[in-house]
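Consider the two complexes below, in which chain A is the common component and chain B and chain C are the respective partners.
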Partner chain A sequence: MTATAAERTAAKDRRARRRPRFEGGLAGGPAALLLLLPVALLEIAILFAPLLYIAFRSLYDWQPGGDSEFIGFDNYVALFTDPAFWQVVGNQFFYLLGLPLWVIAPLVVAFMLREKVAGAGFFRSVYFLPAVMSPAVVALVFRALLSGDGPVNALLRAVGLGSLAHPWLSDEAAVKPVIVILVLWAGFGTGVLIFSAALSAVPKHLFEAARLDGVGFWGEFWHIAVPSIRSAVVLWMIFQVISIFLFMFSWVYVLTRGGPGLSSATMDFAIYQEFMRFGFFGTAAAQSVVLMLFIVFIAALGGVIVKLLGRDRSRGKRAAA
Partner chain B sequence: MKLRRSRLLAGLAAVAAAALVLTGCSGGGKSNTLTLGEVPKDDTKLTVWTFLPDNYEHGKEAYDQIIAAFNEKYPQVEVDLVTMPYPTYFDQVRNAGVSRSGPDVITMYGGAQAYSYRNSLFPMQDALDPANDIRYIDENYSRDGNLYIVPTGAYGYAMLVNQDLFKKGGVDPKEGLATWDGLIQTCTTLSGKGIQPFASGWQDGFQLETLLYMISSQLMDTETLAKWTKGELPLTDPLFRTVIDRVLEMNEAGCFGGEEALGRAMYDDAFNQYYAGDGAMFLTGGLSTAETGYKEQPSTTVMPMPQVPESKHESLIDAGAEAGWSVTKWTKSPEAAAAFANFMAGTEAQQILWDVANVVPNNNAVKAEPSTPMQKAFVPLILNPENHTGFSSFPLEVLAVVERNAAPLVSGKMSEDEFFEQAVRAYDKSS
Partner chain C sequence: MSAQNSRTNRRIALRTTIAAIITVPFVIPFLFLISTAVRERSDYIASPGGLPSSFTLDHIVEAWQEADLGRALVNTLIMCLVACFVCASTSLAGGYFFRVARQRWTGPARLFLGAGYAIPMVAWLIPVFVIVAQVGWTGDLFVAGVVSGVSSLPFGFYFVHTFLKQSLSDEVIEAATLDGAGVFRAFVSIGIPMAMPALAAVLALTFVWSFGDLLVASTLLQSNPDSYTLTLAATTLTTREDVNIQGQAAAALVSLLPTLIVFAVAQKALKQGFGGGSEK
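Right, the complex of A and B next:
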């Protein structure tokens, strides 16, 4: 059971090889830290200091330019006891129902474009086009398209589907699903691009072998493509979820102003209203902190999922070996 | 261990330093009072932010003349007038307030709106030029007892009436619109003949706000208005219920047309609807809108909305200052800034605005002789001494509830109780 001399030497070599990397870091520590310092300071100044400041301010009846009284958690109590806040949070989670659509639709199209489709590059470019357009401009266009007497309803009426014509953006029941579809439209191209890149790294022989075994399109999709790029899928999911919490403002602001009522308002829009329109700086700060915590929680959850999936895969590989 | 402790200490020191910095940033600006002082002889520059010139056809021309006249009086003061679009104007002002930098003078509404920006504005009550005999001062005080604007100009909410459509509907407007019951009957008659009584757009709620101002002013006597201005009249007062009841009564009588107006159209659309001859009446506060209405529909006249049965007045219309001018707390030239705000309320500026841009003055010394048909019909209504307004005392939070719930309320999707529950909650939050 004793190690051979060769094994001992090899182990020593491994340790030796490992040590310089570690010790080198320490040895070069002060210099390296000095070099990193500007970046670290910038990071703190740009990212963490404002966050800390907002968290600090959320404990005050914040009156920029006036006397700000410390009120503890009163802003949070006011927020959590306000039914309007919960309606907005509810809207936010309703939008999350669009997640499967936002993930599966670009994934399927990316999978289809992986095949030898004529003009695949052209299609990718066309799909990507909305991603480079300003959401404010796009939202204005959609507001015109979806207005009561706009082209969408006119088209529906022209083809005999007048009963489907709808006040799309001013109907409480319709407005959120419409926004879900618009977000799909806006993010679709980016999703296709990311999934195409991920799929291009999957060995082709896997699909060829499956085809030889008689596996169909959906079989290849679910059993080979999706598992092979699951990290990209999870990444895209997390990105979409964060987008729903952080990047909906321009859509909501231009399309609906949060209405009708509050039925399409998002947290970022509500924060804007509290801060800019009403001057309730303290509650806006509290709401910002809550939003940040939501996002941190979701990002952490995504990280755990990625880790679990990675563990499953390595287990699967070990089992196969 | 030593290392860990020193790191811990360093960490604590950093947190303490951050806390100190944050505490230092807490701001402690006191509400200084501005008094009327002599403008220094040194050269100075004023930055003035406003959205008003864009409101009128010849707005830019009028403001150029006003600045030239101001410079004749104060040659040492250079005025940089920045005209901004209204939809983003107050966002810009808010940003300036938070960063404590930007304009020296701004256009602002009084009362509740100014109160929301109170940490950025000097109280003006001690800086008003006594030479200016101006109206609408009392109702522009904010609930903290300060006047943050020098009110200028005058508006009055009245009805544009398309007499051709009334004729088509077989209704004599003078008779039909003399009383509240007559108005309700007129709506029923006109809509029965396929004529939309009021050009309407409810989606953004501005139409409900307009009616809220028009009817609540009728329901407030001088004492009640004073209480409302001071923030002592709660939104649970029955008079506000009466306003909404009367609006719903109008709706039931078909005053506002069908679903198109209730759910889909914006108030802006209603202007175009009237101009196109698709609505027999339109609620407006501005003379320039009346002039456009007259240009597009030459049978247009202006009439007051009849008093609701609960009105405390004979012939009041909701009327008040068109807007006002405020001095920011960070200005380096408070005397020059106050001089500009007062100049805007003075006879010279108000005369220019009347002559060039059709803005009704609130300075009693200005001679506003009506010459056009719309001026002849509208100006006497605006200058009625019985008029007042509670408009400026509606907190912004309440207006937000009114705006977002207008269409659901009028279309029956939201109950009156629920509407008031939300409005009262917003009112409580604002106080």
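Right, the complex of A and C next:
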């Protein structure tokens, strides 16, 4: 009892000592808030307030600039009974099937480049190129490469594989897998960079010990490399999943315009289309809210996974000690 | 021992070969783009995937004039500079604030503002467009630049904050504030100089992102062809029936070059920025 009381006063002492240092010394008092003001104001005015506004408008028969009538959840009902909406959601989840590919491919290559590969830095830079280029413009290039009479098909015919030639982007069965591959192409270099940085922090003796045990390339990969950098792996997974929900607009807009039909449309593209082309403002607003909820759900799920992994690791440490 | 050496050598050779093969899909689209932009039309039709046997700059000149790429380039640069200024200046101040302030609410506030990154762009851009349209600001490059800059702001300030957390110690901040310097003097005298590598990385990425942006441009600038950016001009060019693939390739080539140059120049700064100041 006395011990805890003493601890408590000690803690109070520490807090008391810390307070002036943090609130006065480091932060510089209320004047410091002026440094925060621009970020906070701009984000609230341009990101958060519009989000609230569109959530509010999703309950109206929204006619920007005209009379909007309050209709409760009718927009959501219309959305959920529209097969087109479910097709787009289905596309979104189909694209997510590419996740293992988007994670494992850069992971294996980062692991392979880890030691003694001549010019590893050069290779990483080449893989990283897509990250610095406009997705819209790169998509233009791929549209030409993959068109019916484009170079890819010409090449297939030239080597006698003419039966494999496809109108890659206007064939309903081929277009989604093609986009999954293109997403791999676009994100691969960033993944390799992130995993290389994470791997370089793993103690070398772990790999050396494994080699003495003769576990081989894949053994080292699955049993040492992947577990050692799992938080980077999970982060990259979350990042890729969010990218599929957030940043596909340019690709889809340029490559296929969501087509054929709606078979390659993502939610962000569909919302843009509903709003800017067809003028279904209310349902576009409702769909924006649904998309936001998807993202919150994914982020929460990712957070839970990260937490579970963290607990796992600290338990492992305690067991080792 | 030598047997083991030769095994190691063989392994390295194998890995290098595989790494080199993987570069092929990253290099081919560029070779295709460049060769298509500079070869005759008949030459392309004869073998779209083959090597060019002719050389011409006509397509680039044509596309430049048809899509008014010179003007589009200037427009894009104006938008990018505004975006970079907005994002970099506010990121610096905000990142430094979260480095030094540690009241109970600053942690959650930081996460809240950082979460702005995960708001789907269409979800906030459409209402912004509605308001901008009502005020009559569509087609304004300055407005588009501010909006584009704010879209990279959640990343930018968080990046500066993380960088300063690693590179700027409490002692240094205390020393700078002890002699009576206010928080702004400390910000200018140590905050800004210490954040330089992070600032360079934020600038380079904001430039690359707003240069490559299509969504902001096609929403806010679509109505006014005089303010088309490069991506908008290039993608609009390709929807026209009368423009051939050589013209498209030429427009694409012109729109890719500037970011490649910026990236090449900023590569060292990017490395430093992402290394948290540890790579000097």
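Operating definition for what follows: the second predicted complex is superposed on the first by the 277 of 321 C-alpha atoms of A that agree within 3 Å, B and C clash if a C-alpha of one lies under 4 Å from a C-alpha of the other, contacts with A are read in each partner's own complex, and residues count from 1 in each chain.
Here is the rule we go by: a contact is a pair of C-beta atoms (placed from the backbone, for glycine too) under 8 Å apart; a residue touches a chain by one contact, two chains touch by 3 or more.
Owing to the predicted nature of the structure, the values given are computational and were not obtained by experimental measurement.
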{"item": "Which of chain B and chain C A:V137 touches, first, second, both or neither", "value": "second"}
{"item": "Chain B versus chain C as contact partner of A:L164, first or second or both or neither", "value": "neither"}
{"item": "Touched partner set for A:P64, first chain B, second chain C, both or neither", "value": "both"}
{"item": "Contacts of A:F245 with chain B and chain C, given as first, second, both or neither", "value": "second"}
{"item": "Chain B versus chain C as contact partner of A:E172, first or second or both or neither", "value": "first"}
{"item": "First (chain B), second (chain C), both or neither touched by A:A209", "value": "neither"}
{"item": "First (chain B), second (chain C), both or neither touched by A:M276", "value": "both"}
{"item": "Dominant toucher of chain A (residue count), chain B or chain C", "value": "C"}
{"item": "Partner chain in contact with A:Y53 - chain B first, chain C second, else both or neither", "value": "both"}
{"item": "Which of chain B and chain C A:A300 touches, first, second, both or neither", "value": "neither"}
{"item": "Those residues of chain A which chain B touches in one complex and chain C touches in the other", "value": "53, 64-65, 275-276"}
{"item": "Partner chain A, residues of chain C touching it in the complex", "value": "8, 12, 15-16, 18-20, 22-23, 25-27, 29, 32-33, 36, 47-50, 86, 89-91, 93-94, 96-98, 100-103, 109, 113, 115-116, 118-128, 130-131, 133-134, 146-147, 150-151, 153-154, 157, 170, 173-174, 177-178, 182-184, 186-187, 208, 211-215, 218-219, 222, 230-231, 234-235, 238, 245, 248-249, 251-252, 255-256, 259-260, 262-263, 267, 274"}
{"item": "Touch list for chain A against partner chain B, complex", "value": "49, 52-53, 56, 60, 63-68, 78, 82, 84, 147-148, 167, 170-172, 257-262, 273, 275-281"}
{"item": "Contacting residues of chain B [partner chain A, same complex]", "value": "18-19, 22, 25-31, 90-91, 94-95, 97-98, 100, 116-120, 203-204, 259-260, 263-265, 329, 396-397, 400, 404-405, 407-408, 413-414, 422, 425, 429-430"}
{"item": "Chain C contact footprint on chain A (complex, rising order)", "value": "21-23, 25-29, 31-36, 38-40, 42-43, 46-48, 50-51, 53-54, 57, 64-65, 109, 112-113, 116-120, 123, 125-127, 129-130, 132-138, 140-145, 149-152, 154-155, 158, 185, 189, 197, 242, 245-247, 249-250, 253-254, 267-268, 271-272, 275-276, 284-285, 288-289, 291-292, 295, 299"}
